[in-house]
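One structure is given below, encoded as structure tokens.
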Amino acid sequence: MPERTSKLCPLRDAAELVKDGARIAIGGFAIYQHPMAFLHELVRQGRRDLTVVGVANGNDVDLLAGAGCLKRVESSYVGLEKYGLARNFRRKVENGELEIVDYPELLSWDRFRASQENMTFWPASFLGGSDILRYNPDIKEFPCPLTGRRLWAVPPAAPEVVVIHAILGDTYGNVLVPSRRLLPQSLDITLSRSCDTLIVTVERIVDTDEIVRLAHLNEIPAFRTTCIVEVPWGAHPCPVLGHYRTDDAHFREYTGSSHTDEGFQDYLERYVYGIRDHAAYLEAVGMETLTPLKTGDAFPAEPSRQYLPDKRGAAP
Amino acid sequence: MNNDKASLSEMLIVALARTIRDGEVGFTGLATGGAAALYAAAIPLAAMQLARLTHAPNLTILLSGWCLNPQLERIDIMPDSEFDESLHDLPCEAQMLAYPGQYAHKRGDIDFGFSSGVQVDAVGNLNSVCIGDYRRPKVRLVGPILQPEHMAFFQREYIMAPHHDRRNFVERVDYISGVGYPGGVAGRKELGLDWGGPELVFTPKCIFGFDKEHGRMRVHTIHPGVSTEHLRESTGFDLGDLADVPETPLPSPEELEVLRREVDPRGMLTGRRV
Amino acid sequence: MPERTSKLCPLRDAAELVKDGARIAIGGFAIYQHPMAFLHELVRQGRRDLTVVGVANGNDVDLLAGAGCLKRVESSYVGLEKYGLARNFRRKVENGELEIVDYPELLSWDRFRASQENMTFWPASFLGGSDILRYNPDIKEFPCPLTGRRLWAVPPAAPEVVVIHAILGDTYGNVLVPSRRLLPQSLDITLSRSCDTLIVTVERIVDTDEIVRLAHLNEIPAFRTTCIVEVPWGAHPCPVLGHYRTDDAHFREYTGSSHTDEGFQDYLERYVYGIRDHAAYLEAVGMETLTPLKTGDAFPAEPSRQYLPDKRGAAP
Amino acid sequence: MNNDKASLSEMLIVALARTIRDGEVGFTGLATGGAAALYAAAIPLAAMQLARLTHAPNLTILLSGWCLNPQLERIDIMPDSEFDESLHDLPCEAQMLAYPGQYAHKRGDIDFGFSSGVQVDAVGNLNSVCIGDYRRPKVRLVGPILQPEHMAFFQREYIMAPHHDRRNFVERVDYISGVGYPGGVAGRKELGLDWGGPELVFTPKCIFGFDKEHGRMRVHTIHPGVSTEHLRESTGFDLGDLADVPETPLPSPEELEVLRREVDPRGMLTGRRV
């Protein structure tokens, strides 16, 4: 019997699937569960002129904005919730260096549903009177073909590449999402179905036997996944629901540094440019910082597969 | 202690609770930081809980938009983010974990919600997008978030304003992210908005209502101790004749009793020291 | 503290919410988990001129057709799967006594999604060349407002009343759907969100404490439910996933009787007209027939609440 | 036993398996009753499993449209309904329990599927709706079911015909529930069908392919022992010149070996007595 193909891939190679000028969607929501290790790698590789299309963005977009990777953002929110405004993003927009296209929040989600269903537009009934319309030439008014009602055709999200971070997957690209989920995790599922190129970073690669045991949680079957990357703590400093908490101190360091361009370049030097790869990042952050962030695990790990970077050596 | 005069928060909570009808579905988000959190989440939640205990036993509370009828008495500290892991463990009747979910906002399932904006204008438009020119803003804010949906699909909206100053209450917002009453109810209809819109605006100085025919905000009640001149000075649009505007009514002793003893015995929502 | 209102209601009163000429959707799929006890009551009450809008129908529509309750059916399928064609339905259509409007299967589901989202139409891209269009004046062609692509506007399902059958609910109208579900159970969830009047029949009413314990399975919160009816074995002879199996012998009796109008009138006399209510129906079928149909229970019952019609007496 | 001549089913399974490419996603339903179940489900499943074991290890099998990569070797008897409780317990890699789910059929995620119809016509249209006039049909059938989606959204479709007679293979179906090649590939494009359509038709007598330019069905191979005259007599439309049509190729000994030993050791799929 011929061998099934592994889709396991180093972070570096996965990041190369995102080209300069690409239109991407980033998993997670506001300040939760973004594929931060992947974004760090994009910054390290000096990616430019990206468009991010999203629903509610946070430090994902702020990091890319601060590192000069972005040309345009389409979203309903870019902010850091309790940590305040997204200062890099804000500075770039106020300076006219970054284009922002504002969409309502659930309509932003609907745009990904439109892409999932290959719809050439999403019909919205509620945009009249808002400045969403005034500044967005991509939205067109039309009459409902059945009732004549005034409606607006909204363009699909149409991401070229989607990158999300999850807890578990196998080498073939099957990805489990725990039943203990919230709307941000459900959004990741919608995102994963809206594109042709899907990159998934996971905390841990497991045997396919484990996928079969939890088949009802397999929300991303192998055939939808382009490549899968094992990146423990891959969302840090964001939390991963059912895995680890927000690194509050790191978020404060981040926001503190982002008051000025210079301050943020220091941050990038410390955690991205001056760092070889994700294993080195985890060393820079320190296991003494990471370990206490652990929460009850949605998928209790087999002890033999627990990630101990100091013992495994090689970077993912 | 229970004979203390009602605080500003308590007065707002009770005024709000009285407008909630039995059987409704109320949607509240969560927010962070003193006044913002108080107006965006704590006052709405306390008012809903008070309404439920006094006259609206069939009220459905949609905490954070996804946690239905949470057992609020089990919360020790007010959660400060909508998708906090701790909220997941809060006992409740239903959890909406996917979109679209248990309520159909586009069908009008939500009877009321709560919004705030950095700017609110004379016709009740909201702005959380930018100050100044859209393309080169003086201040870029977070974006429209769920405001467009709140102001179009919810049957009515309460605007919660933690600050009442000329820079918050302006003649015209710099960006309309939530639509009020331009042209009144008829104007909304022409825009395709068949229902909904702002109903009341709660501020630290007054409660606004709307002349829905002409679409302009008008002072509904003034809080005790606030002068009409001070109110005019704090507001960036003309308030018209304020001669007949009543004072914001105080809670009844019964309402205060239920609020303090049952809704918020630990002072978590009202910020009242216990 | 004032009392919360109970939505518990006898089957008879619930059925009266469906008026002559109403447009209804019936939970279940093909020959699975239909609210049969409710439909029997509709037949008993002599309802007329109903329109059923559905996705894949079976003995639900066939029963109503055979009893003369129907004017029109909109669906992708009316058949009895392994039990063959739906003979009452077929006879009525061939005689020109029943109008059938054919829709594709997943598009039929999309029509309910359109109603759930209050869309005035659902855009479909794939109807060109099919006779679906030829015989359905309710579908209109229109150009995509953004791309100019040829599309068709399909009317929403727009049911006035939806009736589904579930395992558990409380007196306020909260309804649990077990995590052990299949597409038919998910369709019921979509149906329940597509209407203003929702009737749920359940195998068992439980305390709200149990709803709170399983809040993540509460797919129909109380406020969406118009009334809830306790009807044990309420889907018989259909199966309820995670509760009981198909009554194969009863299905054979049913299909055998439906070869002719006369034969089917005998069936109705035996199980509907000649029967007072659902408790009497269960007596007619017999516990010795029902009990062996039980499967492992998705929600193991507290013993005190198990339904034993001979011990409880009163009909639900 | 393993030296027996290949049966008709085995021949069709192998011919089908050879057309499946690695990495594809194949969708099969379930059906009931001897020949119908054999053509609609057993032959497709066996062919997919054979392809997987020989040359397509990355094939995804979508059993019943919701059970992904089931461990078929765990099935004792072929399930006869798509939402059978027993299928729920069959070990597999993923279960699609809600719609829309893990695959996006409208995006073209499904590479191939299997359909049948009471009538198939010369351009590959399918009919499962009615025989005779639509408004007063001679026979009312079940309805279009998922045929319109199969024939529009799947990258290609295999039509599985358990019966090959003049009443099944007609010049023009009485109702088009699945669209074939009216006007060929260009005709489909004009109808808004950018991809997909029938690829091959498997019958007990032959395998049909399509002249995709002109859109007509043509005989691809004739099964051993079937005469061209018999084929013409059994088919309700003109088959053109059959002089150069080859025989349906027999399985290689290796294919037969894998099929009998590994794919279907108990003869459940091929109906072969063991």
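Just so it is clear, A, B, C and D label the chains in written order, and each chain counts residues from 1 on its own.
Operating definition for what follows: a contact is a pair of C-beta atoms (placed from the backbone, for glycine too) under 8 Å apart; a residue touches a chain by one contact, two chains touch by 3 or more.
Note that the structure is predicted; figures quoted are calculated from it, not measured.
For the pairs B-C and C-D, the count of C-beta pairs in contact is higher at C-D. With each centre defined as the average position of its C-alpha atoms, the distance from chain A to chain C rounds to 40 Å.
Centres computed as Cα averages put chain B at a distance of 59 Å from chain D.
Averaging C-alpha coordinates per chain places the centre of chain C 32 Å away from that of chain D.
Shown for chain C are the residues in touch with two or more other chains, namely 118-119, 125, 149, 151, 216.
Multi-chain contact residues, meaning those touching two or more other chains, occur in chain B at positions 97, 106. Pairs of chains meeting the touch criterion: A-B, A-C, A-D, B-C, C-D. By the touch criterion stated above, chain A contacts chain C in their complex at residues 118-121, 123, 125, 138, 140-142, 144-147, 149, 151, 153, 155, 179, 216.
Listed in rising order, the residues of chain A touching chain D in the complex are 1-5, 116-119, 172, 174, 193-194, 196, 208, 211-212, 215-216, 218-224. Interface residues of chain C, counted against chain D in their complex, comprise 29-32, 56, 75-79, 81-82, 85-86, 89-90, 93-94, 96, 100, 102-107, 109, 125-132, 135, 149-151, 180-187, 189-190, 239, 241-242, 245, 295.
Across the complex, chain B meets chain A through its residues 32-33, 66, 80-81, 83, 85, 88, 96-99, 105-106, 129, 134-149, 152-153, 175-179, 182, 187-188, 190-193.
Partner chain A is touched in their complex by these residues of chain D: 23, 25, 53-58, 60, 68-69, 71, 91-95, 97, 100, 102-104, 106-109.
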